[in-house]
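The chains carry the letters A, B, C, D and E, assigned in the order they are written, with residues numbered from 1 in each.
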Amino acid sequence: MAEIVTKTDYMPKSRGKLRSFCAAFIHKKTAVASFFFFCLLIILALIGPSIVPYNPQTPDYNHVLQGPSWLHLAGTDEYGRDVFSRLIVGTRLSLGVGISSVLLGAVAGTILGLISGYFGKWVDKTIMRICDVFFAFPDILLAIGIIAILGPGLQNVVIAVAIFNIPSFARVVRGKTLEVKEMLFIEATRSIGATKSRIIFKHVFPETFSTIIVYLTMNLGTAILAAASLSFLGLGASPSSSDWGAMLSMSRDYMGTAFHLVFFPGLIIFLTVLSLNIMGDGLRDVLDPKSKD
Amino acid sequence: MYDLLNVKGLKTAFKNNNQRVSVVNGVDFGINKGEIVGIVGESGCGKSVTSLSIMRLLHDTTGDIQDGKVTFKGENLLDLSERSMRKIRGKEIAMIFQEPMTSLNPVMKIGKQLMQGIILHLKYSKEKAKKHAIDTLKSVGIPRAEDIMNEYPHQLSGGMRQRVMIAIAMSCEPELLIADEPTTALDVTIQAQILELMKRLQSDRGTAILMITHDLGVVAEVCDRVIVMYAGRVVEEASVDELFESPRHPYTKDLIESVPKIGERKSRLYSIPGHVPNPNQMPNGCKFAPRCQHAMEICFNKEPELTSEEKRKHRCWLYQQNNVGREQNLGSK
Amino acid sequence: MAANNLLEVKNIKKYFPLSKGWFSAKGHVKAVDQVSFSIQRGETFSLVGESGCGKSTLGRLINGLIKSDDGEIIFKGKNLTGANEKAWRSYRKPMQMIFQDPYASLSPRMKIKDILDEPLKIHHPELSKETRKTMVQEILDVCGIDAYHLDKYAHEFSGGQRQRIGIARALILKPELIIADEPVSALDVSIQAQVLNLLKELQENYQLTYLFISHDLSVVEHISDKIAVMYLGNIVEISPAEDIFSRPKHPYTQALLSAVPIPNPKVKRERIMLKGEIPNAANPPKGCKFHSRCPHAMDICKTVEPQLKKVEGQMVACHLY
Amino acid sequence: MGKYVIKRIIGIIPLLVVVSFIVFLFIHLIPGDPARLIAGKEATVKEIQAIRHELHLDEPIFQQYLIYMDGLLHGDFGESIKSHIPVMHLIGERMLPSIELSLLSMGWALVFGILIGVLSAVFKNRWPDYGGMVTAVSGISLPNFWLGLVMIQLFSVQLGWLPTGGADSWKGYIMPSIALGAGIMAMIARFTRSSLVQTLKEDFIRTGRSRGLSSMTIVFGHALKSSLIPVVTVAGLQFGFLLGGSVVVETVFSFPGMGRLLIDSIQLRDYPVVQAELLLFSFEFILVNLVVDLLYGFLNPKISYET
Amino acid sequence: KGPSDSESASSAKNDKDITIAVNQNFTTLDPQNVSDTLSISATHAMYEGLVGFDKNMTIKPVLATDYKVSKDGLVYTFNLRKNVKFHDGATFDANAVKANFDRIQGSKGSLTASHYLKNLKDIKVIDDNTVQFTLTKPFSAMLNKFAMIPMISPKAIKKYGKNIGLHPVGTGPFEFVKWNQGESLILKKNPDYWDSNYPKVNKVTFKSVPENGSRVAMLKTGEADFVYPLPEQNVKSLKSSSDISIDQTESTIVRYVSINTNKKPFNNKKVRLAMNYALNKDTYIKVVKNGFGSKLDSTMSPKTQFYSKQGVYEYNLDKAKKLMKEAGYPNGFSAEIWGDTASDTMKGMQFVQQQLAKIGIKLKVKAMEQGTLSNEIYSPKTPDQAKVQLWYVSWSPSSGDADGATRSLFSSESFPPNGANTAYYKNNEVDSLIKKANKSTDPDEQAKIYKQIQKDIYSDAPWIFLGVDTILSGHRNNLKGVYVLPDGSINIKNAQLK
């Protein structure tokens, strides 16, 4: 190749993957704000119990159901416990259970969905029909079954919520996979001799990723509430633990009389889900090579 | 000044890795009504981007037009609102995209894609539009046109898709047709048929065509005038006959030299040595200088202007000796 | 001679079902209909023919990307008919494909360097990252793409650049057989020349074999040893390259050659214009599929389908001979 | 395609037999004894035994299954252990309102979800997008009961426009369908947005623009269809869940749906009712998912089913 | 303004129609197979028994004009009311009564009512208007049980068979019109009711409205004329309304925590007493019951037969701590408290947890779904296998009788799985007293015996005695005569609109 004279050694300063990722992410103001909010939540989850103004478990029967005031920023509950402190302390449990269960469900569901969608034929049929049956099973029945088999416990709540999530993720991912696998570049990848697992995880998966992100971030709120309702069936945390979902559900009867009991847990769940969604969108944008900025 | 389209100093840049890179760098040319103008040039020199810029279709990319003027029938397209631009697109200026697979809607039947524009711009009734669509498909040589109307792009061969693209663009009988490599995927008989069709469109309707192609044979066959681009710039412009007869710019010469010709089998084809410089390392002077056999000192220092000479234009110091002298004098002072 | 065959295709067939009705397919597009040929090692076998006649489909069949309805594919003496995906996979290293549609065949979310790295990763896991990186740069360089572009995504390239990336991806593995579906259609002549030179050079050095699909007859002439002309799912003529251009036998081949545009505005040539409607691949004419447009059509052409036969060292399927 | 549909519908039958067996095993194996739950806390072992005998609960589980299947083959879903009311009657009366409510909820959730999604995608990272996001996130993270009670307070108590609950007039469907649809709308909006954002970057959109199509035509005529697969998937899922009824919404709006019946039956281990409902739901999901699969083929012609 | 604008609320109603919103679904309308109080309320509007309860849960004749009990307590003779017709026109007579009892006994235990007839030997038709029942052994609460067995038209029993639960035909003041599963039950006036003073309204609609907030809203909008139960939290806000009144009824429902006296450390009476002293009942009522309820000062509610007041274990933390020390647990211990998943149970359990924490008892609150809970409690075959420690629960004797409030809770025969003595309370003296009370036919003697029983048990403290529920119901002021009985069933016979 004599004619190639100018062999350029020039390379653009190729930044590390992580660094360029961060650099791109930084440009999204809302995403960064959400990220900081989320970090705050994580910090609260870690150190929350040691910075709260009141012991979240100590009742004060003389000050029950008080509205927000300077003393009690988010008011007090039916036992006179400080709602604000309970919310902060509840961060760990709610976020922990919510995030881990959704993640677990997402990972398992995604794998199943990819396999089902890519392989098709009987694999697809089997997985999807099992999912159909799972869909038909109400949560409460699964919860009872899980208590019977695994016994109660927080980790089992995580497992239970994850199990609810698996079939839905599987279906969502499968739908997208069916679409992606027909794209020409998948055929091109097959033509270079890529293994199925490589095609599935390196090529199909990234295409389904933004769908997964959306489902994942949207499901967090649902998972926090689901975890609470399982607690009520005796599967998980004790009803006295300060978990957001449980606080919200317990205060149902006070809707008309002590609105703050519903409002604040609802607000924090809303903000958490919102921040995750914004972050998810940011992430999606950053990972999208066609993204504008 | 041309009476249909004038492009002046068009400059388009893309942003990647947070740097702006100009890929079209001050392009000037124009088209008269009913004229077929070819654009040839190095792959990646900005032909497609130029045409997208004219149509203002960089919307969804990271690119934007930085400078310049695109006057179409006296109006600067770059100043138009999106709404007025919409009225021009498809109806007055239509475009055939280079990549037919991805440029067709994969989930919409061919017929519908075709008819949409017809109904919108020609205001035909549904039945009439359908008939027109089928006729157009037949005219671009699509067999079993009625069936194809009900098929999806992935069921067609590459060449068929390309013909569908052509049909879509031609169906509304635009005043200017920008055809970005319209016949690359077609066999020569069909190609001939399409070129014929285009010529007919030109002669019957007075449609002007901007034909971007690599096939110098096609250029020779249909174009009236040719523009040669290199690295985001126009380097030469001439009528077809003149260009093939006496190419001025060394790049044009080399290009013509590289064409394989039937009946002249040789073991190696001529190809221009070297690469197009990457946008970050654009030489100061003439962009072609590093690969040019006639490069002079000045070529490396100062970029030549696009100068007119009779009916042709070129951007090369070889033909601007006077200027060179003066510049050199100035330089040595 | 047969022993030297790298690839042998026998009576291969692919019908695509036509727009699905509610209960049964309305018919079939006979994309590839009983095609047989063989390619020798180190040879360039070109396929030319009308657009939509089944060239790409043939390429995909040979690479096992779609399943044939009938017929055999024998690669390196192994019959691949009915092999499963796993078996195919092991043949894909020595048999690479360049797709007609370069853009759609590139992963939209992968940087070019990763796209090119991938075949290496799959087939040469033993290579170090550094080695692979240099190999990628080398092949890109050879294909005329600056290392500056390594970090870009497919959509950030021009049509010709994408095509070169596709070529690079196929070449990087140094395969034995390359199925090149219009590999140079979007390249300007200079780069086209450069790529063609490269292909030839590789062939000389490594005994590469090409199945070359193209519409550009001048390119085909330049590169091929043997040329097959396809028409509506059938091969109508197979000849050594020199012969086909000097003595085209089949009327379709003749028409094709006469239609090649010449890059000289002064030269005008007599052109055989094909008349008649282009026949329907779903319902091809009886007898010789070309007879409806053939200037020399005879009565027999309407009823009897001609078979490939040897005529002066060329294989032609035409009743004229 | 017709063949495929018929094949899949026929395939449902053996599937349902398998499902019935799994469900049967599962609900009989989880702890809890219907005899005890029905007889009450005071009942003695002897009484409980008598009831168990009456209900065939003392027989081997496989035997019980055969008895059940025998009834099922004769179209008899059995009767409620608790009330002796035929299961068909219990479910039948609740099914129609449930289906109507589901359709209504799904209908508006789809329309508004897609609209919000489209707006968010078209005005990506601008205020309509953020507005859409906040709406969607509210829709999903506001608990149903909250939304329901607030609506009752507002529309029934304060304004007197709508009845607090019940299904005796179409007005009774409005608030429950809003409460049910909010979450679905949220999901649909987010999926539409995410999918559409990607589609709008495809080259064929550029083709559309190059032909002078209006943004409306481009979005709704071109981009939307190829963005709908994830949307259809979740919509299908959610629709399945809707048909199964939502305990919370049924509770808040005193709506006679199937959800509450199911929960009550589970708590009482009213096997025949639970069994029948689960079979019904499985059937629904299989059917809904079949429709979704067919829609895939419609939305993306490259996806084919013929095996 | 509200209701008049609302179509469904106004058009469906006229002056003589009433709507009653309740918190559950009806399960069945087979009066001999109902077990939940709500369905009992509904069946009582359509059906009547030989005897029945009045507002204070005392027995009074209904379809019988009078009755006689033999000295040995084994033979019950009823004289039946004449000229009573079932809704389908069938005549009510002795044969009808027999047909009903035959149905129950023939059900081999699958009808709820058969539990009431455990001691019934046979039934004899003396003449058209007289029936006689013979028991196998004396059973003092038998009359209460008769009150729980309404009479179905024998014609209907034949006609509908098993499906009688969907087609109720009785003698009561209201006739069945329609039952919309899961939604509502509509009854209309029985024009041929034997007591021509009743009924005074034309149509009664029961609506099941499980959500507390929605029920209250219905009362406010006028969609419901009567709601039960009325959530305690809403009392304050409703009191200010001029067209709504709130009724309070002391119930027979007692709230307590049963303590497994068979298990360490609960077998130590001092521990049990300490737990009782450590729990502040006033606060309990204030916090858990929102101020409505009274302290449980016996093993049964004041509204139950033969109730006798005991001295409450008043809140005394020091005493509790002292007792713990004496019992050998100065630092307390850990234990589990069980309960179902109803929200007020969870609230109560948490309260107990908070209170007992003060004497060092660390409770783990374990809420369990009903079926699982019942399994946990009733599956152990022997007391030693039992895992239950503390159980937060409530009890209401189904027929308001003292036996029902005592035997299954405290007799050693009633250890699970044979009954609900989850305290595994065994006191020989109590056991024999219970037997004695059953044999006795003299109410005064019974009263004495039950007084002793209550005293013994209360002092043994097998429970943490918490409170007695107050039943709250609300109605619009133009409605009179609908009331809730102490057992939680609604009586609408006297309903009247002004």
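Methods note: a contact is a pair of C-beta atoms (placed from the backbone, for glycine too) under 8 Å apart; a residue touches a chain by one contact, two chains touch by 3 or more.
Chains and their UniProt names: A = Glutathione transport system permease protein GsiD; B = Peptide/nickel transport system ATP-binding protein; D = Glutathione transport system permease protein GsiC.
Since the model is a prediction, treat every value here as computed from it, not as a measurement.
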Next item on the list: Note down the smallest number of touching-chain steps it takes to go from chain D to chain E.
Entry: 1
Next item on the list: Pick out whichever of the two, A-D or B-C, is joined by more C-beta pairs in contact.
Entry: B-C
Check: So what's the Cα centroid distance for chain B and chain D, whole Å?
Finding: 54
Margin query: As a quick test, compute the distance in whole Å between the mean CA positions of chain A and chain B.
Written below: 49
Next item on the list: Please compute the C-alpha centroid of chain A, do the same for chain E, then give the distance between them in whole Å.
Entry: 45
Item checked: Whole-Å gap between the CA centroids of chain B and chain E -> 89
Check: Of all the residues in chain E, which ones touch at least 2 other chains?
Finding: 213, 369, 371-372
Next item on the list: Would you mind listing the residues of chain C that make contact with two or more other chains?
Entry: 101, 103-104, 146, 148, 151, 155, 194
Checklist line | For chain A, residues that touch 2 or more chains besides their own | finding: 3-4, 8, 10, 12, 140, 144, 148, 182, 184, 252, 255-256, 290
Next item on the list: Please give the residue numbers of chain C that touch chain B in the complex, ascending.
Entry: 16, 18-19, 29, 48-57, 100-104, 144, 146, 148-149, 151-152, 155-161, 164, 181-182, 185-194, 196-197, 200, 215-219, 221-222, 242, 245, 255-257, 259-266, 271, 273-274, 277-283
Item checked: Touching residues (chain side chain A, partner chain B) in the complex -> 3-6, 8, 10, 12, 20, 23, 182, 184, 290, 292-293
Next item on the list: Within their complex, state which residues of chain E touch chain A.
Entry: 212-213, 216, 231, 233-234, 236-237, 283, 286-287, 341, 343, 346-347, 349-351, 353-354, 364-369, 371-373
Check: If you look only at chain D, which of its residues touch chain E in the complex?
Finding: 30-33, 36-45, 47-48, 50-51, 53-55, 79-80, 82-86, 89-90, 93-94, 145, 148-149, 152-153, 156-157, 159-169, 171-172, 250-257, 260-261, 264, 266-269
Notebook entry, point to check: Of all residues in chain E, which touch chain D in the complex?
Noted result: 1-9, 12, 21, 25, 27-28, 30, 33, 35, 108-110, 112, 115, 162-163, 165-166, 180-184, 207-211, 213-214, 217-218, 220-221, 223, 369-372, 374-376, 378-379, 395, 398, 404, 408, 414, 417-420
